[in-house]
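Consider the two complexes below, in which chain A is the common component and chain B and chain C are the respective partners.
This part shows the complex of A and B:
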């Protein structure tokens, strides 16, 4: 742990990423304290009003306080992206662990399934999932989660295969432990670190997918405070809404950047090859 | 080598069958009853039953599947419920539009990405290296629909250099009646018109640049990493000791070896772009497969969606197959019968 801290103190990009992620997460958690208005409180009919002392970012195209919408948007977008990533981790992790631990035909069948899912471009697959599930913000969690699962499955399988061949697993087996116990207590805990790295990077791409789908009109309605939807609302009237588009886009960019920087840092820490560089 | 290629070709067949099954089931998984859509709300149960009979929807699922597969192999994807036109005809216009855009973006991404990666690796920690890493990072974090908006505002709205969207100005070019969706090829070889070609390229530029962002970032990052690894090897040191200057070492000795994995990545990227151009196409009103799919999802038009999924996934498998095969041809270790 001290080793990790020392590495982190010298890894500037990871620090920047951590700070970005921290800011957005805190804003999302403390949204009601930070904002003077609720996310669905129309303030006035002065659509796209310029920033003023009462409204630091002005009003949006529906007469909402833009700052409040953006801060609550962090809450919505981040919640969906994190839940989707957790779902991907859960589904992918289960598939990968089963394939790697059981091996033989189970491995073959599950990995063919993973290959099959990867034979669709991921964003398109998410669009198709939305078509099946229906257009709503909650369904975005499922759509983006399923699309993200295959890469977790591959990573998990590789890790389980690596751990499974170690001697302490052999000794656990000779002690007569059940397969379930060995898998859950001895194999999985040692597989988690690379998956956490993958999940950190995964939140970044999940945010892009969620915002992109919402932007296309495939999740939520215009009243939901979500970054992709806020961006889209500004987009619909390009002359007045440019500022709104700019703010929402910057939020998405910096949040994704934060997760990517932090995730890259974690990966560097795990990968001894890049640590010596 | 040929057994290697043959094995890969054979391995693609079950994958294609799985894709066909999935796209067949997709139509059944979509919410809503197609017969209700066809007949409207006032349909009597008898009418519904009759239409179901006519469409063959009450036959066993596997019979329907083989029917579907037979039709697809004959190039019949059914009709769109909404436009009433055969989906195959619509795809014949949409798919080439996407291929044109994806090819342009991939060309751009390969040239810029590889150059950036090489320049970065030649002087690690130099200005170019910093630029390359920065671009690679921002590129993959960029919401593409936002970048598209900025590009439109700056280059189309503000400076007025490039058009906002579409494939060409339909008002000026009324005489252009394309027979296929490959507009640029047609302008060049059927119409022999330089102006029309330029008009099409003019419209292609902005969407291609925006679509190229992510692949450029990935290619630059990968080229840089591979070049750094190759440049650190002994044979490069030998070449230096021989007195060769940097340029021939980089161009003749290092680049070839460093590019092999990059080529694979370019192939995969291209496959992604064919189906992943959804957002870019929407922003620039590019009448390709991406906008077609989104429209089909929004109005829940089953057949177009089914056909698009089938086409994109088949393309994806084909592109990956070609990449694998080209890999076999490039890499002498695989060419001479080594393990894949």
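This part shows the complex of A and C:
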């Protein structure tokens, strides 16, 4: 643990990333305490009112307090992105582990499936999936999760293949342990670290995907506090909504940046080759 | 999960199909620059059968291809029906039961047939006769507009006599709506040989009117969002200078405006009202705005049999009390007027300054009273399903936003509104199934007569609400008074009867909450001169040309 701290103290980008992620996470957790208005409490009919002391970011096109919506937006956006990443990890991990451990035709079949999915532009695939599943934030989780699964599958398979050939696995097998036990107790725990790094980076791209899909009008209720939807609502009013677009856009930008920097830092720490620097 | 797997599979198939499509080059490229107009509109079309449609997205296209016996005035706030259509002259007898039209000579249909009195009779009969051999599947305007026509006769080659069962002083206006557009007799004969469900599709891609434009080959009607019209050389007003008109659809207001300013397209509709001032100053754009004869309203299902809580008059009263029009008007940047009655402000029969009792209470009192009514009716916490159209309408430029205001306002009095967004084409069928307690929608007048609102929206016939009556409200006395007002030949007296209806129906029955009446807008390339927009909001290009 001290080792981690020492690494972190020297790694400036990771610090920036960590602080950004921390801010957004705190905002998401403490949204009701931080904001005087609910995300859907109408304040006044002065749509797109300029920032004032009572409303530091002004009002949006529906007369809601923009700051409150942005803070609640952190909650919705993070929740969806994290759930989607977990789903991707779960699906991709299962596929990868199975393919890597069983090998032969199972590997072949599963990996061709993964190749097949990766040969579509992932964002378009997500758009079509939400269009079929129905427009709602919950379905965004499913769509973004499935679209994100292939990269986890590949990473997982590579790790499993690497570990499977190690001697301790061979010895476990010679002790007569069942495949399930070997896979769950001896292989998977040793594959997790690179996947965690990938998942941290994955949250960033999931946020982008979710916001993008919501922007395209696939988020269901257009007034849910979600950054992509907030951005879209501003976009719909050419002359007045520019400020709102900017605010929501910057939130997305810095959060994604935070997760990416933090993820990079994690990778550097976990990767022995880069640590020797 | 199974659904998700399906989704992945379907994605694969749709991508594959998308890859196979495309590749058919359009003739458009052959048209000289400056001879084609691209219209980028908010609507799409459903079908182009004048007798079958009731949607504005169809009517705007139809108006370029077909003509009426009468013509709407240009440049007046009120709609006046003038000569200049397919009838040169007409006479109306003293009690407005017999209309005699002199048909214009030398007019040809797109299919080469000549216009004469027999052709007019044949076309009108398709709307009038109950069992016409070529009738379309549905004729939504028939009940409210054409049921009282006793006969349409061609007494000689150039004279048509239309006789009514009862006086009908508003019939000139009726002849000005799309349902009375004149269709070629040859096309009607062909329609009669088709199955009833195939007719509107055929006439959609094989139009046969007398207007300046037509669809040259069925392939030019790709779908309701991609239609190419070609000028008709035999047009009786002289061959148009603009050879092609391409209709495309773009639901996003911002994109429509941007593409016009960029010069990609030449004509757009429904601009965002907060933009009007700045667009009006742009020298590249001609902006045209007018107070539309439209009404945006919230219909409340009044029919006991449908089993919604809105069948209780007190619940409807509570909803009316809870609604606040202020944010809706603000959303339109003030380019809409709050409405408290059925008839829009620029029309005959609009009682200026009158408000039903419920609309005159101060806000806090109204909310208090609404809460009490909801509680007393046992409707507290009940869910109400509300229809809203999935595309913006001229009277409802912000469907999501307005629906959200209504949701909020009704929540304040203890009612939960669940939104159901669906295409406009499905509305009538769903309403007539009794699906919706609430419908957020509107109506655009096309005849200038109050009956054009009262008849279809709050009345009916044979003890049933009319097809477009989203409130499903039917009261025999109201229906009788609506009919009586419609046949009153004295204009002042007729208006007085409509005033009386307004002052009675909203207070007594409260079938709907009128919300706003919006100003409408078009904008076009300022180099394009000679665009004609008449008082009903119909645009025509037969005199238009690009000038440098």
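As a convention for this text, the second predicted complex is superposed on the first by the 275 of 277 C-alpha atoms of A that agree within 3 Å, B and C clash if a C-alpha of one lies under 4 Å from a C-alpha of the other, contacts with A are read in each partner's own complex, and residues count from 1 in each chain.
Going forward, a contact is a pair of C-beta atoms (placed from the backbone, for glycine too) under 8 Å apart; a residue touches a chain by one contact, two chains touch by 3 or more.
For clarity, every value in this text was computed on a predicted model and none was experimentally measured.
Partner contacting the larger number of chain A residues, of chain B and chain C: B.
By the touch criterion stated above, A:61 is placed in contact with chain C alone, chain B being left untouched. In the overlay built on the shared chain, the residue A:216 is in contact with chain B alone; chain C does not reach it.
Applying the stated contact rule after C-alpha superposition, one finds that A:142 touches chain C and leaves chain B untouched.
In the superposed pair of complexes, A:132 makes contact with chain B and with chain C alike.
Using the contact criterion defined above for the overlaid structures, shared-chain residue A:123 touches chain B, although it does not reach chain C.
By the touch criterion defined above, A:236 lies against chain C but remains apart from chain B after alignment on the C-alpha atoms of chain A. Counting contacts by the rule stated earlier, residues 116, 120, 124, 128, 132, 235, 238 of chain A appear in both its interface with chain B and its interface with chain C.
If you check the complex, the residues on chain A that touch chain B are 112, 115-116, 119-124, 127-128, 130-132, 134, 204, 208, 211-212, 215-218, 228, 231, 235, 238, 242, 245-246, 248-249, 252-253, 256-257, 260-261, 264.
By the touch rule above, chain C contacts chain A in their complex via residues 3-4, 6-8, 10-12, 14-15, 252-254, 257-258, 272, 274-275, 278, 326-327, 330-331, 400-401, 404-405, 408, 419.
Within the complex formed with chain A, the residues of chain B that make contact are 14-15, 18-19, 22, 26, 29-31, 137-138, 140-147, 149-150, 152-153, 157, 271-272, 274-276, 278-279, 282, 290, 293-294, 296-298, 300, 305, 309, 312-313, 316-317, 320.
Note for the complex: chain A touches chain C at residues 40, 42, 45-47, 61-63, 116-117, 120, 124-125, 128-129, 132-133, 142-143, 146, 221-223, 235-240.
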